[in-house]
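Have a look at the structure that comes next, please.
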């Protein structure tokens, strides 16, 4: 199990090509936010946009559209009841995130099924929050498991893998990862990543980040990084590391760090690592 | 009557355990905000989240959901007309706050009755604003009065205790506190706390804080502190003291201090007292 | 015609009494904001709250409630179609502002009529924007003209006084002021105030302030100052002067100064003048 | 083809006349924002107001009004289904912007047709985003092509001009510009402007600006500059240059620059160029 370090950031966050346009940095579609948990998908969307994704669309309950736009006009929105438009939009995505605030209602389930069925070989799929619980209940299959990332906390991982929390050892987690075929981001105060051939441990994180919504912002950063960076495994590792790094830094001055504060700081932190990268190249 | 000082902050605001998760810092359910006074419950929710509560849900009129989410995606929301979901959500709470902007309508009354009936032995209940007035009118009884906090201003205390403002002496207030069995936070320019065995006086406060909503933010901080800190009486005292301390500090630069400005500053002020705490331990 | 200076600020913005509560600083009711011009009453409300008014309620079209609360949870709201609640709320006001974004529709007219009929001897009334145009059209009478302030720009003053802009000389304006009996704040790049026995000229103002909504924020400051300060004529002069002073200061760094930026700076600017006031007392 | 430089900013951004009022700086009407792409017209409106336009109205789907007002109370709003009010409002405009987030639905088309039919000889018209695609599909004619600006990116220019992206040479673009008669702002990482007698190249721009909504904020700045500055061709060039200049400056500290961040910085950047202008005059 490799320990992540700042090197993953300088490796992933490269200077952008000069003649880039927004399409260069990927199209993400984020799905979640029912009547009760709308804030979750808003936090994911903010993280995704501020992590540098080129185009971000959010499929959510209609009541969530005004507050999302009040915070983030940069995102596009679609009512999650509009099944047909929904299908067209999914088609255009480079990365799909499903789960933050999705809920466990029948409609949430139908949407998850549609997304799983529709995943294309060119698309990455991030499954988070209640979508993990729904997935675990129904034992769905995946079209392209190697392009799927699950982001469970320990209880969700128990549901998905069948491993009780006390049994969630590196060895057992690796076995379950192999059986699923997808990459697992197992969130705890020291998050672990289980990919097909490698495992990574995040040495960072602070209890100041132990507050509702922190996983939603992480899912958004992961989505934004997968959309824009070519090496997907490295992008995933960089997202996990950067989320905790910003949390730790802000935690030096704040007793509690809100997820939206982490997102707000993404563009500046990313720039720092692009620059130290450049400096390294100058040698 | 003991005078509060900064010691209460360093005693209460301890370094968080390293392996904490959001559940470690408690689940709060906040109830209030009718069609006219929705801002009140929004201000309580902001204070509760920024005071470090692990998970914050708000039960309020549906029209208040979009502006609440536009300000604070970190909170979850529930329409206060959905009685059944409401009951389930209450069940999960460590602390319940009822009252900010609740109003005096029949529906407000029904909600208060339900909350009072449902309080469990493991739950703390904070009764604020119009919920105090409703409580005083109907002479309800409390399931666990030792786990109830009332936060009246002087006029509300008159309604609740029957004491005219001129008769609200320490001695009389103590007698009424004993008869109610609950803890009383009697708000004025020098707030007093009447607990079962001790009374406290807050030496801080500034007329710059004399503006609408200031009590709503205090109720939110109290709720967040009760949710996350083990010693409830000390947590309550720390909440009252910190609210005024931030108000006084901001009041040095502002002729009027808005409640939302106090909440915004909570994470940084709390950190300062955690740190001086650490320093004390280093000796 | 007296020229206003910083002295008016130090005279009006006094240290607040230590044992004050929110009621000490007055209750304002702001009426305006139809389906199209809702932003106007939001800008007035922000100015009123941040100018230090104790309690601010806004009567406006219901569609304006969510964005108003998203910006300013400190204010209370009432749907302007709820005529009965409306009447009760007006009854509690120390100062009523009618006009920002009110529109010229029949419903706007009915509301204005009701407000004019209901004004009590203890209340101040500020008539702004479209309410001036409606007033001019219908030649209403005033219950207590000495407690009424009109805040026309030059074109609205033409409608109200019958004076063409070229004929709006100090002498003619004084004659029309006497005939109305109310105080006139005649807005231009050098605003003039016509009170019963005195006239004032504001030497400040910058073309950076020539942008939509600037009059709405002025009306809000006037309302907040009338609500909280005893000398009404001085309060009015201080509001006009301070609005331009902040505009000029911000205008040194901004090509255009937005009304909401002026409001945001009120608490800090007001504090500066309270302090220089204190210093004067120390001598 | 002339290369733009800071001189265009000091030439255009002149000190405002002292006795100006909001009408002096123009009336803009912005049309766009359907159910899905509402954020686009919000970003244009923020840019237009903060670029100094005197009065800004937005015609958009009603669901976009609350978030727009939550961000920007300075703008007025009109439901884009209210065809009659719409016509009246268009009549008052100095500049009309149509397109950001307009969509390709039949209703979007009808609105575009109405705007094209209604353009008066005194009005400037900016056609952006989906309005360009609709225009290209239907081969509409223009009332006053010399007062029309199209702001296509390369793909939209292909639709409008018929030129494949590889064939979009300066020479070919000039020919197509002449055939249309309107001014073309051809957006890419080095934006070009094709006017009747001159062509300009913008040397600025950074891949940090390659994110959704960047064109919407540019369209808003163009609209605000056309509304307030007399030399329209120079105003257009200044808008393009300033948008990229701010983006480049922010891009030195941010890996990605959000469109709303550019708008937020407009008043301060514009002031800098007004001042260096003054200094030049002092010599």
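To keep things simple, chains are lettered A, B, C and D as they appear, and every chain counts its residues starting from 1.
In the analysis below, a residue touches a chain if its C-beta (ideal position, glycine included) is under 8 Å from a C-beta of that chain, and two chains touch if they have at least 3 such contacts.
These figures come from a predicted structure and were not determined experimentally.
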*Interface with more contacting C-beta pairs, comparing A-D to B-D*: A-D
*Where does the B-C interface recur among A-C, B-D or C-D, taking recurrence as more than half of the contact pairs being identical by residue number?*
C-D
*asked:* Can you work out the whole-Å distance between the CA centroids of chain A and chain D?
replied: 34
*Computed distance of Cα centres, chain D from chain B, in Å*: 49
*Junction residues of chain A - those touching two or more other chains*: 66-68, 70
*asked:* Under the definition above, what is the set of chain D residues touching chain C in their complex?
replied: 13, 16-22, 24-25, 49-56, 62, 65-70, 72-79, 85, 266-268, 270-271, 274
*Residues of chain C touching chain A in their complex?*
66-67, 70
*In the complex, chain A residues that touch chain B*: 35-40, 42-43, 46, 63-64, 66-68, 70-71, 153, 188-189, 207-208, 210-214, 252-260
